[in-house]
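What follows is a set of structures to go through.
Here come two complexes built around chain A, the first alongside chain B, the second alongside chain C.
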Partner chain A sequence: MFKNYLLLSLKVLKRKPFYTFISLFGISFTLMILMLVTSMGNAMLGSNKPMTDMHRMVFMPTVERFTPFYDTLTVVDSIVMTSGEMRYDTTYETNERGRMVTNGPGSFHFLDNNLRDLEDVESYSFINSNNHADTYLDGRKVSMSTYYVDADYFRVFDFNFLYGLPFGQAAIDEASKVIVMTDKAAKNYFGEASAAVIDREVEIGREKFRVVGIVARPLVENEATGGDVLLPYTTIDNKELASTTLGGGFLAVFKAVSPEKRTSVIDQLAFYADNFSMPPDQDFEKLGLDASTYLELFADRMVPGDSQNTDPSVWTVFGPIAVLLVLFLVLPLINLINLNISRVFERKSEIAVRKAFGADSKNILYQFVLENLVITFIGGLIGLILAFLIIQYVNANDLLGITRLAFSFKVFLYFLIVILLFGLVSGILPAYRMSRTNIGEALR
Partner chain B sequence: MIELKNISKSYRTDTIETLALQHMTMSVPSGEFLSIMGPSGCGKSTLLNIMGLIDEPTEGTMTLAGKEIAGYNGAQMARFRNEQLGFIFQSFHLINDLSVVDNVELPLLYRKVGGKERRRLALEALARVGLSNRAKHFPNQLSGGQKQRVAIARAIVGRPNIILADEPTGNLDSQMGDEIMEILLKLNSEIGTTIVMVTHDERMAKKTHRLVRLSDGERVS
Partner chain C sequence: MITHLVRLMWNKRRANALILLEILLAFLVLFGVYAFGFYNLDRFSSPLGFSYENSVGLRLNLPEDMDSASTVSMQKRIRDEILLVSGVEQATFIGSINPFSGNMYFNGNDDNGYELRTQGFFADEHFAETMNLELREGRWFDETDVTSKYIPVLVNGALMDEFYPAANSLVDSILIIEGEKKIIGVVENFKYRSNFSENAPLTFFPTRSRDVTKYPFQMMIIRASSGRTAAIEEPIYNLVRDITKNTDVVIWNMADDRIKANKPVVVPLVVLTLISTFLLINIALGLFGVLFTQINRRRAEIGLRKAMGATPAQITTQFVLEVLLVATAALLLGVFFAVQVPILELTSIPAKFFYFGIVAAIITILLIVFLCASIPSRQAAGLQPADVLHED
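Entry: the complex of A and B
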């Protein structure tokens, strides 16, 4: 029976080319856009290398120093008589009215001395991502963002090493002049990203660094993973390491032992900041450690909100996107339902004939739902191919800047679910209506 | 074969109740070729629809092929139609998207019959109506008479005991009408299929075993 329905579906689609074209156009275009949006979402927020463990990560991009100002409010609760004397029962409330703030990455000195002993942390890394280097090769200028990192950086972030290996603690201790590059940087600099690049030298700031590893460029370059080249932090300008001020050029990323323990890490940082006694030579009274999850960090970068509470901005960013997505899915769905209703209405007499010759309502329902699924799958396949081609084009030409689109099995799975839902929802209602066709009336 | 007892059918709207059939009692023995005549709107098609389980009577009982039909649900009626009944309509009602042979196969789709066997039976039915050479054509490539022959092939492919024909020659010229009538008469005499045919054509009705006349929803002869 299934085979018959399937063959019939294909026959019907072939015999009605205009309807088939209109339906396929709508379905494939909608699904292509959905695929692109999904793959963009997956690239930006999915657990892809080197952020596979993003759900365990806590980012601390800045160290805040501030002095709050308070308002004192006097509230008279009651008037009481005690031993013949009248007395006001008064409470005082102090509300923060504002604060004087300075904000920026922390110094290596501060991070090194204060944040190495957090509990529930599996690994952590201090990263200096503030530098750029212009190098010249054969008279050609190559501009690269240089990240100075520690050995644990490669434990926190699981970079995909295409060739070679990361540098280890020994390289840090000895301030070895070694370098890990992304494949893109290697191509820019050497014209190729291959095993042959390993052990070749890159000149950065008049010093020569030996290439020890080449990593695949991350899909999204954020402030912790966006470096074109990664160098041992001990090779950085000594002033950065020697400075004893609170502010500096380093951000910290902590990887909790489990996703659940991530809150514990954030709480410890908040507790530490609250109880930090500010050195007397500082211009500010208090410390704030701006720790957040990657999602919060992402939302905060898109819509900078109140630094005290980043949670609402997650919804500010993702709420409208979700509404738009739902609308984008629902509008063509309604359109398709409409198209299907008029199409099955045209076939009322066919349905009546089928029922007269023994089809029951269930048979009719199955037939039309399957027909719809077939066309949705064909449309979906076209959408998939189009999306794939667009993704290739966008990535090859870096059209989205720091983001590249991911095309993964997970995206394919979402795609299948969306198609199935699309096909079922747009097919069931018209098919159900038609399965109730009154034979006598339809054949009159 | 077909037993109708006191069958009435009325259609009710908010304001008017129309009586399409009134207290109809009749029986059609197995193997009979019965024709029903009467003016337009006298209830002929309603009667045929009730016999074909396409419409339900408001009153009365019916026995078809020895089975009391009252109380059948939708799926049971569909199954009964599939196994026991074949329909021929005035305007053919072939499915234009399907080839001739696929149209003929249609009743077998709702039975447990394999693809090859279905095709064999459909070609056999087409041979019986003289249309073997048109199996791969589509309905809109056929003449009216050929379409009706395909419809007959579709009606007989499942070897039903009863064929219900609603003005099968009504849309055809007299020569083609005669050809269709010949096929129906042959089916009746050779296989013994019971046929109930609604017609406006006195000439056709005379070729059948018995004629029942209706007027205003009642049997007049």
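Entry: the complex of A and C
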């Protein structure tokens, strides 16, 4: 039965190559776009290594210092003349008119002294991601972003170690000259990323660091995971550690005990900032610790600009993207439905004959939905191949900069679901109309 | 004729509803893409105003425990030695803001009698020569400015055009920005963030506007003779590292940085254009297919009309007008939605780009619909009444 339907639908597709081409073109292209979007979404916001526990993380990229200034507004509510004397009734309102702000990563001193014992935090890390090292190897320039991290960094972020191991607390305490590299950085520096690289030396500045581990480069690079090389923070320029000002080069990432406890961590930081008494030697009066979840951080990064007080909610960023995506999806879908419906009439007599020989509406419905699924799967396959090629091309050339597209079993599973949904949605309405064909009229 | 066609289309409203919906959505997508594209092309068309092709940027770290005199002399020494490197043509020190980096500095006040809002850029006296700036009037900073009564500033053309459109000259005017400053010149164009950033008002501040010990200029732009850009990097790196006794020296290629700075606009623009092109092809093919079957179903009608003396041109016109009528209805509906964007000021993009977008989207859609309708109509109009009427 199933086999018959399958053969039949393939025959039908062959009968009208032009329409088949139009349908396939629309289906494969749309599915390709969907796959690329899924793949990109998964790369940017999926729980992939090293951010498997993304849903428990709280990021505090900056320590804000500000001085608000106020405006007093006097409103005359009523004027009354009593016994030749003018009387005013006024209200005062003092509003914040603006603030003088400086915002940037915090100093190690500040984080170290103040944020070490928050509640509901399983592990946390202070990261200095501001640095950059250039080395010239035989006239060839190798640029690497250097992240100075603590031992807990590797507990917060589960990097995929291809070779070797992370450095531990002992390396931090002794300020050992050890280094963990991404496979890309290793390839760039040594020409290979293999076990042979372990224990070789890398020159950062004027000092040599011994490679202890090679990690897979993350799919998406953010200010916490985007380092080409990771070094113990105790090896950083001593100025960074000794400075007692509030601002510096460190950001903090906290891993809460559960996703729900993230608000608790964020609230604790805000509470701490509100009650912080600013040292008198500072240029500013108040402190702001604006921590956010990864999704909020991501949304924040998507809206560039001279935003001083704008705090875009996640929806102002993802809302338009979602609308655009729906539009891009609905259009080919309507197109396909339209095409399918207008072709109903061509096969009226075929349906009528089948009905006359005893097939009921359900049979016809199934047949046409299946037929549509067959063509969707063929289109999906073409789309999959196209998407795969594009992903390869984009990743090989680093076209998207900080993001590389993901292609994994999980993504493939999403693809299958996408294909199935698309096939069902575009097939049901035409199939339903076909199944209701009136025998008498059609066979006339 | 038109009223007749309207009635015809109305009678087939169920079949036409999907086509209408499709055209409506296509219009909305195109409208958005066009508006976004026009807006960015307009920004792209305003020049950067400086040369970046053969330049590298450099960030260094001066020792912190120096007084102002030794800071200045170390900066001078670094610059002098860099100029001696073969292939280097010019070099300049700049403040904390550098082109294409994404860094910004804004300042503003209402002390000048209007709401002044300007970007700030910090540069020394060699900046104009290094970057090949074009001056509208006045001169760049020079040695005499170190001792002048007022701290001098330059402004860009956008500031002059926005706040002093009637003025013939701004040279020697006093501008209140971080205290009273004297304008000594106007730079024709200068926007430093990317090709797609707005040509917004900007003020250049000289070295002496910042405390040398607290905020020394620690970035440089170095222009090489053409083809030598890569070759000068290593010797400069070594010499700066040796003078500052600090390995934190970063050199970058400004041409590469420009491409990076443009990426946030170029990538979405290219992706949107590609997707909408494919969507349009898709819609055109689909529409073509649908119209082809629909018109073919009316062969008998065509035969009858031809037998009654209708010319092929008349028949083609009828079919094309029928489809265009549906398209017009969809477009009217679409325009109603689209004009809400500029009218309600939903975005900060100027309204005119949305109107351009509406017009361009209408033209594109009408063109596609016309093409998709005229090919099957022409074919149908060529049918012989004898053949067609014979079949039934």
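As a working rule, the second predicted complex is superposed on the first by the 410 of 444 C-alpha atoms of A that agree within 3 Å, B and C clash if a C-alpha of one lies under 4 Å from a C-alpha of the other, contacts with A are read in each partner's own complex, and residues count from 1 in each chain.
Here is the rule we go by: a residue touches a chain if its C-beta (ideal position, glycine included) is under 8 Å from a C-beta of that chain, and two chains touch if they have at least 3 such contacts.
Note that the structure is predicted; figures quoted are calculated from it, not measured.
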- prompt: When the two structures are superposed on chain A, do chain B and chain C clash or fit side by side?
  reply: fit
- prompt: Touch check for A:Thr94: first (chain B), second (chain C), both, or neither?
  reply: neither
Query: Which partner does A:Arg15 contact after superposing on A: first (chain B), second (chain C), both, neither?
result: first
Message: Applying the document's definition of touch, where does A:Phe357 land relative to chain B and chain C: first, second, both, or neither?
response: first
Query: Between chain B (first) and chain C (second), which, if any, makes contact with A:Leu443: first, second, both or neither?
result: first
Message: With both complexes overlaid on chain A, does A:Ser349 touch chain B (first), chain C (second), both or neither?
response: first
Query: So, A:Asn4: does it touch chain B (first), chain C (second), both, or neither?
result: first
Query: Thinking of the overlay built on chain A, is A:Asn338 touched by chain B (first), by chain C (second), by both, or by neither?
result: second
Message: Looking only at chain A, is it chain B or chain C that touches more of its residues?
response: C
Query: What is the contact status of A:Gln392 with respect to chain B (first) and chain C (second): first, second, both, or neither?
result: neither
Field: Nearest-approach distance, in Å, of chain C Cα atoms to those of chain B in the combined model
entry: 12
Message: Taking the stated contact definition, name every residue in chain A that is touched by chain B in one complex and by chain C in the other, in rising order.
response: none
Statement: Contacts from chain A onto chain C in the complex sit at residues 18-19, 21-22, 25-26, 29-30, 33, 131-134, 136, 139, 141, 204-206, 237, 239, 304, 306, 324, 327-328, 330-332, 334-339, 341-343, 345-346, 399-401
- request: Under the touch definition given earlier, write down the residues of chain A that touch chain B in their complex.
  value: 1, 3-4, 8, 11-12, 15-16, 349-350, 352-363, 439-440, 443
- line: Note: in the complex, chain B contacts chain A through residues 49, 52, 54-55, 74-75, 78-79, 81-83, 87, 89, 93-98, 102, 106-107, 109-111, 115, 154, 158
Task: Show which residues of chain C lie in contact with chain A when the two form their complex.
output: 15, 18-19, 21-22, 25-26, 28-29, 32, 64, 102, 104, 106, 230, 233-234, 237, 241, 247-251, 260, 263-264, 267, 275, 278-279, 281-283, 285-290, 293-294, 297
